[in-house]
Amino acid sequence: MKLIIAAVKPFKLEEVREALTAIGVRGMMVTEIKGFGAQSGHTEIYRGAEYAVNFVPKVKLEIVVPDALADEVVDTILKAAKTDKIGDGKIFVLDVAQAVRVRTGEAGDDAL
Amino acid sequence: MKKLSMITGLASAFALAALPALAQDAEVVEAVVDTIDSGDTAWMLMSTALVAFMIFPGIALFYSGLVRAKSALSLIVQTALIACTVMVIWVVYGYSFAFGPSEGMFFGGFGKVFLSGVTADSLSGTIPEYLFIAFQMTFAALTPALIIGGFVERVKLSGAVLFCALWVTFVYFPIAHMAWGGGLFGTWGVMDFAGGTVVHINAGIAALVGAYVIGPRIGLGKDLMAPHSLPLTFIGTSILFVGWFGFNAGSAAAADGSASLAMLNTFTATAGATLAWCLVETLTRGKASALGACSGVIAGLVAVTPAAGFVGPVGAIFLGAIGSIISFFFVAVVKNKFGYDDSLDVFGIHGVAGFVGAILTGVFAAPSLGGVGFEEGVTMGAQVWVQIKSVAVTIVWGVVVSFILYKITDVIVGLRVSADDERQGLDQTSHGESAYHL
Amino acid sequence: MKKLSMITGLASAFALAALPALAQDAEVVEAVVDTIDSGDTAWMLMSTALVAFMIFPGIALFYSGLVRAKSALSLIVQTALIACTVMVIWVVYGYSFAFGPSEGMFFGGFGKVFLSGVTADSLSGTIPEYLFIAFQMTFAALTPALIIGGFVERVKLSGAVLFCALWVTFVYFPIAHMAWGGGLFGTWGVMDFAGGTVVHINAGIAALVGAYVIGPRIGLGKDLMAPHSLPLTFIGTSILFVGWFGFNAGSAAAADGSASLAMLNTFTATAGATLAWCLVETLTRGKASALGACSGVIAGLVAVTPAAGFVGPVGAIFLGAIGSIISFFFVAVVKNKFGYDDSLDVFGIHGVAGFVGAILTGVFAAPSLGGVGFEEGVTMGAQVWVQIKSVAVTIVWGVVVSFILYKITDVIVGLRVSADDERQGLDQTSHGESAYHL
Amino acid sequence: MKKLSMITGLASAFALAALPALAQDAEVVEAVVDTIDSGDTAWMLMSTALVAFMIFPGIALFYSGLVRAKSALSLIVQTALIACTVMVIWVVYGYSFAFGPSEGMFFGGFGKVFLSGVTADSLSGTIPEYLFIAFQMTFAALTPALIIGGFVERVKLSGAVLFCALWVTFVYFPIAHMAWGGGLFGTWGVMDFAGGTVVHINAGIAALVGAYVIGPRIGLGKDLMAPHSLPLTFIGTSILFVGWFGFNAGSAAAADGSASLAMLNTFTATAGATLAWCLVETLTRGKASALGACSGVIAGLVAVTPAAGFVGPVGAIFLGAIGSIISFFFVAVVKNKFGYDDSLDVFGIHGVAGFVGAILTGVFAAPSLGGVGFEEGVTMGAQVWVQIKSVAVTIVWGVVVSFILYKITDVIVGLRVSADDERQGLDQTSHGESAYHL
Amino acid sequence: MKLIIAAVKPFKLEEVREALTAIGVRGMMVTEIKGFGAQSGHTEIYRGAEYAVNFVPKVKLEIVVPDALADEVVDTILKAAKTDKIGDGKIFVLDVAQAVRVRTGEAGDDAL
Amino acid sequence: MKLIIAAVKPFKLEEVREALTAIGVRGMMVTEIKGFGAQSGHTEIYRGAEYAVNFVPKVKLEIVVPDALADEVVDTILKAAKTDKIGDGKIFVLDVAQAVRVRTGEAGDDAL
């Protein structure tokens, strides 16, 4: 199994989720994060005080899928999250040793 | 009581001649107006509630929203305990020190401690004396609460409360007596409709001295110290705005033409000041901000405080705008050149717009500029000079006495929390709570 | 109307002799004061708006901030619908039941259902009767909204609304009639300036019974149930504080010395109570908290409610402080020994400080303690006994009738949501919304 | 001034015959009531502060809570700058255009630009003219601030401010003159107690046209656009509710029976409307919501605005409920059939409930339905026809002129921000701030 | 060492934490996340506008433990987080190459 | 490639970010988390009710870097995040199988 981690633009979340559901992904974990990368942040001024906010809001998706599905998931996210503008995000793939479903105790691909 | 007598007298004389507030023989006035007026009383009951609203929750929210979330509650606790302490002091000896029967220039004496001699029948002008006491109490309770904006997120609760108790005793009550209780400024013929000097300049000075004595926040200029909730600050600002109608128009001590003018001027000065702040922001950095709008509102309200019943509605627009622009440059430019951390710009806004308002009251009160005019025989120059003199006395008194009181407080209970506590935030370390569990 | 007549009569008689509120022949009084006073009317218009402010948004925010985020909106919806339901009931039959023309001890009769006979010219003392109806309506609408603090995060909306509709009919209106409408307590000569018994003890009792009948929240004592937003609670507290000036000083039904004294006492009692709560917190656990300050404010306001126009400003400080300390020990110590979940301490604060205030009104009203004194021939002991009797009647009536009404409500629409719904939060399950999308 | 004179005249004549507001010879009335009444003045001072409270922070919070967090501050800045701009315009020429001395049907003339000739002694009925100016100023400042709810999260700040400046000049002032300044509607004998037509229908129309011209938000119907903070919206709603007592009961221009009736009706109409909205929600989707309760409150307040002093308290319940139900169906059903994005339902609530209220005022004012009755010789049918005519004129004028002004504004400074800026949120891109740093 | 990632129901957090402490787990990272899975979300209506909220609030636990402890940790979470209702969550196990304690610089199992 | 996960004290975030930028790290994901470990939480009392808050606010950094850079990143975080007081945090290193840049589709080290 693979864990696919993707950082994407917040307003793309729904589109990505729908695209993934369409190819059979049945679960994911979504976190609001602050991204740092090539896309620069912004400046806020409060009366005299100027603050550089170096982080950009992003959402992180974590999806565990059977090995066979991993490439398709990456491709699907690639397509759905793309705006061709800087800051579109990154996808990382990691190996997963084991997966278990809490409710049933099922393990492995069955748990996903 | 004299403040009321004066302005009441003024109000009835309004049709004949516009006079600046000046000390008169209180007994004479009282002989004339010795029955209660239910309309005036109704308005003063309401004005008192409005000024209370400026404290709870006005200033507390305004300040709380501007600090980081980890100290949001500390401003609330400090405001509440300072205001409550001053209320107790007020009925014990504060009212007597400020408005007591003594003829002194700086001190009202002990004649009215514990409100001795006051009954539900006692009058102050056309309203019950109990009501005058309550109205003035809200001013006394609000003013020290303003000061704490100078040293937020690092002061000890006990230090803040003790300092404020000392400060009202040795700074506020004497200066209130000078301005309104028949003391020094009154004899000079100062024009201070609702307390620009007593409240705002006074608080601004004390905050500045406090910021200097207590030192800057850890991480200033490095950490992100952006306001944790500008909507909270906006609610606070708006409540201050609405409460200020009680503050300014209530200072007429009657429901009359003078109160109405003061109210209208409070609107127009705020409008001028808010537009001015946002305009300057737009010109200097391309964007008008919500905090800028809130800052402009406060600067306008402060600037018009001494002038409220004396200038015309169009003059008030300019007065507000000028106060606002000078505050902007102070806060955005001048302040950065110095190292102190007057965190919420109490001096930068209340102090600076307070100065501007006090001086310009002497200018815009001129009939040629739409004002109600000066006292018989007084020229604009003479009036401005009186305004400057009373501001100067307030500054010197405030700087010297406040400094001493901070040092005394520091010795007795300490002024500043430990660095670890400050880093973790006062809410956890001083109050054992979190503002939010979302 | 009698309440007004009484207190108005009292007010005008104030200079001569201080009298507790007692039932007089309404016609006689009306014969004396039969013209409208625009000043009194202005103040009562404002007082009515102030008490409305205590409901929308005062109590709703106070409560909403204290619960978990997942139920924040439920308190808002419940407060709004209960208050609106009571307003409709009030004009239909509530006003008649409480203040109708019948001579009964417990019931005003049907003579004024649908406000029959009232026109814009009808007077109640020196103010229009429509205004008196509106003022009293806000009291009737506020009181049941207080009760829901006893069983937050688990009650069904329909259950809460139905119970409150029944409760005002069978508890609030009768007790209001007894206290203010010329009924039982009035004939005894009870001193209850602004409704300590009718409003606060009454609500506290009903909340306690409700907490007992409905049972504790799932996870009580195990899950983190910290307030989700203390700034929200502080805004609510402050609005209650400011609104309470209408509640207390408005209960003078005039803009006069009695109203002024009531206002001043409302300040000083709150100050004493807030300082006392925070002091006890500091002594017992080393820290003064924001929720403590808010709790002290409410305890002080509740305690001074029956006493507002009867005690002196210094006496009020002590009265507030005593009410606050006893509430603190009740909430922090006594309550934990029992298993019930009066979630927001309606009984612990409104009930307990209500008792203390009712009894101590009979004490601090003594001229030797700075109060306005008792009625001719009444001793302090006798007055305290009257106070105790009316509190006792209120408790017995409240416990018995509230219990029955909860049971009836449970049968008709049910009182408690399912465990799953409770766990997910009422906002989702009862209202289909989320308070925040940040 | 005529509005006041009229209604004051009306009030004193109340006992004899109930008359709708109609244009009278101002001088004659003034000859009768030419002394200041401190009670009336007290209430109008307070009413003015209450309407100011509806702007700062009432409407700003109501709107701010309803948008996404990334645009929360933009509503605050827009409201503040629009209101301040209109205040300046008001003293410069607005008051003169609306209430100036000219005899025109649509225009008050230039006679009072810069408030020329007004002094602290000038009276308007029984209150100072300065106060009347301030009271009316708050109406003029509030109305355009309502409009921006139609095109939130996408409008340019400069566009919004410029449009509103033009709009008050070419729409609000003329229609205010027609209704209250002795113009067209006044001569027809329209019954509009507090400005249903001038304020609410007017704003609703302008918002609808704006939503159409500016186009929908990016992502409408696809992205989650749920309110970011319903507690904020509830605070705003409540402040609007309380402020509305100044708006409605203040429109009596006196502290009298008419004001009292207006206040009571404001309560009962709101109660009826809130219950009705929540009931319909429960029937159609099983749940009563907090936003539904808030929407019902506003719908009720809008509906009762023209009727406040003319109908009876029970009639007001029905009037509020009807306005609320029709608004509900408009907002929940009708609106979805069209493609426009009147984001915060300014038309759906202010416009629709405004129509309903205007028409039904002509119905429920009938004595048989508990109202105060029509002018001598006027039938219900005739009055309803007058109501319809003035609504129709307002709609046509509003649609045509607003459309032209939007186009002009678009040419001069532009109306809409770029798509990127809109997506990032106006707070960052237009104001350089974030509402929250939690 | 293993990284154990678990998505569980929020109100189960305390119970899980206590159970893990009991078997000797000495640290973890907890994140509030939005979960997507078989458990469906809900609908919110604001005036006329209806929004399907497809995500369900969950908490994510991330715990690094020595290899030897991994199975026990999984079992413990399984037991403590279970309510037998849909949406009870998932547990994933990944290999960790290295762990370091910032304060002391200790590495490997000692760092945990 | 390696995924480096670090839990550090919130007020150290800026310092760590700057130090990492200095050694050539060009992206990261930052999440606010609740940490559980040797550093104890605190107690809050609301009227009579006492709550033990067992978690301490921390920020979690997730950084994917080429294998060659991994050790330097760990060292840099170690240095920048250190205060020598309990609760300074932990660093974990995991293997990453693949990385892709959404905007360009670049994969592997090029994507970072």
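Note that the chains are named A, B, C, D, E and F in the order they appear, and that numbering of residues resets to 1 at the start of each chain.
Here is the rule we go by: a residue touches a chain if its C-beta (ideal position, glycine included) is under 8 Å from a C-beta of that chain, and two chains touch if they have at least 3 such contacts.
For clarity, every value in this text was computed on a predicted model and none was experimentally measured.
Asks: Trace the shortest sequence of touching chains from chain C to chain F and report its length in steps.
Replies: Graph distance in the chain contact network comes out at 1.
Asks: Touching chain B and chain E alike: which chains?
Replies: A, C, D, F
Asks: Is it true that over half of the residue numbers where chain A touches chain F are used by both copies, so same, or is it different?
Replies: Because under half of the interface numbers appear in both copies, chain F and chain A meet with different residues.
Asks: Tell me which of B-F and A-B has more C-beta pairs in contact.
Replies: A-B
Asks: Measuring from the mean C-alpha position of chain C to the mean C-alpha position of chain D, what distance in angstrom results?
Replies: So the centre of chain C lies 33 Å away from the centre of chain D.
Asks: Please compute the C-alpha centroid of chain A, do the same for chain C, then give the distance between them in whole Å.
Replies: 53
Asks: Averaging over Cα atoms per chain, report the distance between chain A and chain E in Å.
Replies: Here the centre of chain E sits 17 Å away from the centre of chain A.
Asks: Mind pulling the residue numbers of chain A that touch at least two other chains?
Replies: If we look for residues of chain A contacting two or more partner chains, we find 14, 31, 44-46, 53, 94-95.
Asks: Spell out, as numbers or ranges, the residues of chain D touching 2 or more other chains.
Replies: Only 37-40, 42-43, 46, 224, 226-227, 229, 235, 255, 285, 289, 291, 432-434, 436, 438 qualify.
Asks: What are all the touching pairs of chains?
Replies: Touching chain pairs, listed by label, are A-B, A-D, A-E, A-F, B-C, B-D, B-F, C-D, C-E, C-F, D-E, E-F.
Asks: Chain A touches which residues of chain E in the complex?
Replies: Against chain A, the touching part of chain E is residues 2, 5-8, 31, 33-38, 54-55, 58, 60, 74, 77-78, 81-82, 84-95.
Asks: Provide the residue numbers of chain F that touch chain A in the complex, in ascending order.
Replies: 1, 3, 14, 17, 26-31, 62, 64, 94-103, 105, 111-112
Asks: Mind listing the chain D positions that touch chain E in their complex?
Replies: Touching chain E: residues 224-227, 285, 289, 291-292, 295, 331-333, 335-336, 345, 348 of chain D.
Asks: Considering only the defined contacts, which chain D positions touch chain A in the complex?
Replies: Residues 219, 222-224, 423, 428, 432-434 of chain D touch chain A in their complex.
Asks: Tell me, which parts of chain C touch chain D in their complex?
Replies: On the chain C side, the touching residues are 36-43, 45-46, 48-49, 52-53, 56-57, 60-61, 64, 72-73, 76-77, 80-81, 83-85, 87-88, 91-92, 114-115, 119-122, 127-128, 130-131, 133-134, 137-138, 157, 229, 232, 235, 255, 427, 430-438.
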